[in-house]
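First subunit A sits with subunit B, and in the next complex the same chain sits with subunit C.
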Partner chain A sequence: MRLTIIIIIFAIFLPAAVYATPYDTFGAGTRAVAMGNAYGAVGGDSSACFHNIATLTLAGPFQLEMDYHRADVDIRFNDRRTDIDPDKGYRIGLVLGKTFFNRRFRAGVSMYIPDQHFMRFVLPPRTAPLVMRYNNINHMMVSIAGLAGQVFPWWSLGVGVTTTSDHLGGVDFVIGEDRPAEGDLKSRLGSEMSILAGTYFEPLKWLSIGGTFRDEHQQKMHLPNKIGMYDLKVFAENGLIIFHDGRLVLDVYSYTHFSPRQYQGSLAIKPNDRLIFSADYTYYEFSAMKNSMAYSVAIMEGDFGEVFPCVPPLDVPDPGLEDSWGIAFGTEWGAFVRDGFRLDLRGGYNYKPTPLPDQTDVSNVVDSDLHIVSGGAGVTVKALSDFLRKPFSIDTFFQYHYLEPRMVHKSDPTSDVGDYEVTGSVLNIGAGMTVRF
Partner chain B sequence: MKLLRLPKRTACFIVVMAIMLAPGIASADVLYSYGFNARGIAMGGAAAAQVKDFGVAYYNPAGGVLFEFPTAGVGYMKTGNWLETHHGEPAALDSTEGMLFGTILPLPLGSWLERRLAVGFATFMPNNIFVALDVPYGSVPQYALWRNSGRQMTILPTLSIRLHDAVAIGGGAQLFSNTNGEINAVIGANDDVQTLTGQEVTTSFAPTYGLMLRPGKIWESLTGWSFGFVFREEFWMHYRIPINTFLGSTPLTMIFDATSIYTPRQWTAGVSYENEAAGFLAELDASYNEWRKFPDPNLYVDVEFTVPLLDIVFQDSEEIDPEFHDTMTFRAGVEKRVYDTDTTGLVAQLGYYYDPSPVPPQTGSTNYLDTDRHVGSTGLGFQWDRIGSYRFAGPLTIQGFYQLHYCVPRMFYKNESVSADNPGYPKIDVGGWIWAAGINVSVFFEYDAE
Partner chain C sequence: MKKTQIMKTALLMTCLLMLATASFWALSCGTEGDIIGGTTAWPLSGTKWWNKVDLDQETDGAQPFIFVSGEGEEYLEPSFLKAYGQFWVFFERRSFESDENGKRTPVSSDILVGRSTDAFTWELLNGGLPVLEAGLDWEDGFVGAPSVLATEGGFTMWYTGGIGDGIGAAVSENGLDWVKVGDEPVLIGDQYWEGGHVGAPCVVFHNHLFRMYYSGGRTDVTPFAQFAGYLIGYADSEDGVNWIKRDTRRNSSEQGDTVNFVMAPTQEWEGLDGENGLTGAVASPGILITHPADRDVVLMYYSGNFAGDPSAYNMSVGIAGAYDYNSFVKGDYETNPALNEKFILNLDGISIYLAYSEYTPSVIQLEWNQYIMLFAQSDPISELTGGQQGIALATCSMFD
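And now, the complex of A and B:
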């Protein structure tokens, strides 16, 4: 029974491991996603805030962008489809800038907002399978804002911040049979910022090089809770007390939504005005992740202490993530270019080996090597009549994620889940527009 | 021992339910309580009928399109208080500190859309906080209208449309969040547990509409006069977590409900007069605030759990209608250019408003401390038209303000039904001062033509 209590506490209250942000999983911007997110040396729109903030200087002086995507997740665990909701939401981007002393300066914002909510957690039991890249994580608002400027016309620098949140707080509450429930509540959704920075060079007319640093961020949850109960009686008339007032203090810590520190090198080759080849290499410091398995301390007072002797919390091992890397390749071809009209076709490929070793213990965090192929098209019209005098673009993309089949053998034969195989795919489609002024 | 097994599970699930709790209760938002930008606050909040800086995004979203050039501003605000209670338990009110940002971007479209549309944005970001809520017991003495007011991030995007040189309309949506969730759990006969828990912070918004009239564009004799009308819909944050569990075959349901950061529906009308040659501007505003819908600001718990064979029934929380009433707020502000050269200038503002309290006498068990307020404010703005050889499209302004609320002393006497252990028994009073100060920098600029 003690074990049951602990399991209940862990299973219900605490988010299991969740990793990264929607931008880490799918990328940002319709053009960038279509090009396999190999975009660190391409830029030119607000998605540069994520891919390489220095490339904001390639954007126009005033751009408004909006795009929408939907990703259907089909991850199979022992050949059974997991119950993961589609990821869908919109991104709003803004670039604003001026030219001083023949140097461009730009400010940019890229904000992703999931449909109908700022943030959502789904918390399955802690030993239940949890798909690392797709459970929960994409249901959160992410905002990146930053500044970029040209040091020389061939060299730009940029810096920005990613904003995420902590969640702290809990209740102090009493219930009873002969008086109304009452209590107080303190809750704090705090803002946390992490730095990102980038640099961009154009050493040759046809060659661009980018470097990007994104610092890690992770949400902290700290939920101290105090729950009291007044005396309980068998029958109100005789006043026989079976449970004297007691109090339970439960302090819970957890870390969620980890996004690793990332170092990215990027390259783009532009043989002519109609063709771009790009490549990115990213190193992810997943090993720095704090144990996302929640830790709780329970203190029992009064009759609670009699009923619930304190026991040490269940030891759930760290999933032991290792540093990882990813490569991305992209291309864009101006398939049809005429005065005032341009049709671009795009394609890309992205490979991300899993940072997750085999989970042979009670933890059932799930991941596998990931292949992502993508494609898309974009239409740019130079001017829409007289009322919009600068180019206007509509872009679409598809992105297909394929998780390589992976078999995990448990070392504990009594494991709730047992050996398992995971595989699956995600189809992500979207469209957006860019208005330039 | 058997008797203990059921309470054991009961208590266990009480823990389960309570842990999932998050945001809670009460009070108007920071823009209602103090205002938005330095100039608007210095004018006593009387700014619904003028188009002078980026504060128009909040004070009247219709005005954005009447700017010739885009503008943006960033600033910082801090508040504090010397509120006191001489009877009953003292109540505390935290300081508010945070950054504000606003921009108005007329869209540089051509043809029939030229100078027709503008987008705007106003936001206030409390230091290190998206939302922070503090919900004491209902009987605890508390500044219910102020307690959480500066502890929520405010986001207000706007759009304005110029119908005629004399008429502009606009609207915006103040974004806020609700928290919904669900916990489903089943404990089988052999103590095996199955649970599924979810929590969602959903987006919602409250619309704002504005109308700006400048009759001087039609009738020359009315040059300098402007009229502004603003409607702001009420909003609040709602928190609701139902917990559905089965202990074997015995259902247990608890629902936690709370309403927080309630800000009333507001109807505002303003009239301003500006004499540009004299560098003088004055405005009068009146607002009707629909406080009567202010909900019970306490955490409500609905418990549905009957222990088989035992006569134990847990009680729900007690709901108490706070019975607030609507109020009228009158505001006045003047601005005068006190120093002027070819490249620099200095403007000064004075403002005043009277804000009666919507809170009725606290004769019952609750102790919501609030009182009528006389609010005075002042500000100074230093302006530069150019720096070196670079000339701005409009002045670069550094604007500061100081706002002081005088809270008229008020005493509440408890009626006979109130228990002697109530913290406000037999009487409790409130009075003192609240202050706010801040600074912002704003600039007008031109779009690049590259």
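And now, the complex of A and C:
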């Protein structure tokens, strides 16, 4: 039997990257999201693990949070809506702590659990358009855990680790036209980690300042696949073999779910107990992203090597992301406060210029300048029962993402995708509760 | 228990119940959506990936034929259009005579027409008889390579007469009964590169002008190129009869300039072989003008010919594009050739590769994300048993 070994870099159908974690795209925590994610100097719950882990010290000594969100994505290419799956899932948060020497110390965890998949990669053709902020981002479990403590009553520090789920494994099977396929799929969850840190000051009673560092996070995917095939006969009756048995060993490597290193400065002004104004500025190092286009090494044995394309498919250039920034503004107003009952109304605005230059070449990462408007309400009731003596809160939010229309012109008129205009919006709604003990 | 405490407890229980309900609802959603997600509106330009459609699944092997030619003849050069609520295909039937050595010589050609309501199931009209036959002196017994447009009151056809002797025009009210426009061709090969040879036109009407893409150049590099030429030129016209040739350097035949071709063989699959001095051939263009976003794209589907193949049966379909009317950029080697099938046959001790031949494409855009190509194909398996050739169908759509 002939043995042909062909090494192919960049196969035709390979996983392409999607970007970020659900937290990067939507934020974390019902209260924070409602306040436009301008939360780095607000804190007080487990979502601080993402926004500024040092503000965990503002949370109670034992509080449990659970919320659920659903984001319906309406992204359009040339005014035709894509069917990007809704982003939906739970966030479970827990804060535990003690006070020593008149200093508060807290441990917190904020975990996002999608209700569809713990991990999913998209598998489109390499040149297919991928909306970098929304393509299947929630199909990933994310957990941030950390510790925070007060150095002084007016200064807190915190450190933590972001862990995302990763997928390892691949298929190994043999198929035939006149017998059942044999083989198996080996799949298991792995993890990727990155660190984050924060600091929080209260220089004045009405002024809070926060600083946050979130390190780069990117998953390296490795999918070893082996696909074999028995002899293929064009006419089963006469046994004329047109395709001798072959084997494809396809090792796929890809960097996906990129979350850039972030430096965030935060400010909160609290004129009184019923009003908060907050603002965050975040610098994103998107330029550090490794080329998101997957590559693979394929070894084709037997007649596979004779009929599959023997030339290396074209290289897909790096989309060339540039460093970017974002600003967020938020407010919270205690609209009704009486007898152990408090109603808070919240609002916020977030602007994120796109880090993506015009994609005139083969790559088709899609993004545009993003405006996010949010709002929400929260009800806190004290001493709900003998069991729940501490305040109990229910919060809701909505978040509306608006992608500015962006026209993409291809330099090559034979581009398989061609010119397109991308427009889009996302409506994200959610609710949650906080139980304090 | 106090009344307020009962109410608070009830509120808590209600909240927990709502949360539990939402949780079960969310979990029950399962894995909705497609396996990939976000694919439905991906723009598709019509350049790849093209796949032949098996229209006869009861027969072994892919059978993309909508019409199969008979013995001693060949169907080729389809002109595919949607008009008056139906799909039409006008194509050339070329007849051959074989000598005692089996060498085939073309002796005549005429034009047949088929019609379809869905573009996949076709009927041959006019009882299978030609709707246009050679009769004028300059046609020399051959009319073929039609390009048909739906025009006011019926159809207009441009066709090749003779063996590249010129391009003629004809009009029809019903697609079956045609009247030739004048006794002379409307376009002749009068440029240096044409060598008196033009043919295989494709005419579109766009931006107030008829625009013709045709192939030309006299060559005997392959039997196919003897008819269709090996270079592609461009001309436009206000009335479809009086044509002005133009090129990318703004030369114009109206001003008496020497007008160059707009596309030549440059890729290996087109037969270009500098080491052996072979020019290859690009010919028989099919034009599709799309408007995906805010500008037009002119896509050219054309035949490329491996030079030196004595049977001419190693042709493939390639794609080029332009943002104007004649500055074409060819698809890269992932795109071209767009249709290039080969068939492996392993027999004891030997392995042979039979090349399908796909040529003379004509493409329409059925939906924003679906394109259909009609083209001529020869079938290598049937070559073993006498040959099967005809008009075949391929589609370009997301996840065929």
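The definition used in the following text is that the second predicted complex is superposed on the first by the 352 of 437 C-alpha atoms of A that agree within 3 Å, B and C clash if a C-alpha of one lies under 4 Å from a C-alpha of the other, contacts with A are read in each partner's own complex, and residues count from 1 in each chain.
Simple rule for what comes next: a contact is a pair of C-beta atoms (placed from the backbone, for glycine too) under 8 Å apart; a residue touches a chain by one contact, two chains touch by 3 or more.
As the structure is a prediction and not an experimental result, all values here were calculated from the model.
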Which superposed partner A:129 touches (first subunit B, second subunit C, both, neither): second
Which of subunit B and subunit C A:62 touches, first, second, both or neither: first
First, second, both or neither for A:334, with subunit B first and subunit C second: neither
Contacts of A:388 with subunit B and subunit C, given as first, second, both or neither: both
Touching partner for A:182 - first (subunit B), second (subunit C), both, neither: first
Which of subunit B and subunit C A:80 touches, first, second, both or neither: second
Partner chain in contact with A:407 - subunit B first, subunit C second, else both or neither: second
Contacts of A:418 with subunit B and subunit C, given as first, second, both or neither: second
Subunit B/subunit C common contact set on subunit A: 12, 116-117, 120, 122-124, 234-235, 242-243, 307, 385-386, 388
Residues of subunit B touching subunit A in the complex: 3-4, 7-8, 11-16, 18-25, 105, 107-114, 119, 125, 128-138, 140, 153, 177, 183, 185, 187, 191, 193-203, 258, 298-299, 301, 303, 310-318, 390, 445, 447-448, 450
Subunit C residues within the subunit A interface of the complex: 5, 8-9, 11-12, 15, 19, 22-23, 26-27, 29-45, 47-49, 60-61, 290, 292-295, 297-299, 319-323, 328-335, 342-347, 351, 353, 368, 381
Subunit C partner contacts - residues on subunit A that touch it in the complex: 2, 12, 66, 68, 70, 75-78, 80-85, 88-90, 115-117, 120, 122-124, 128-131, 134-136, 234-235, 240-244, 303, 306-307, 311, 313-314, 381, 383-386, 388, 392, 394, 407-409, 412-421, 431, 433
For the subunit A and subunit B complex, residues of the former touching the latter: 1, 4-5, 7-9, 11-13, 60-62, 64, 96-100, 113, 116-125, 139, 165, 167, 169-171, 173, 175-192, 223, 225, 227, 229, 232-236, 242-243, 246, 248, 250, 252, 304, 307-308, 385-389, 437
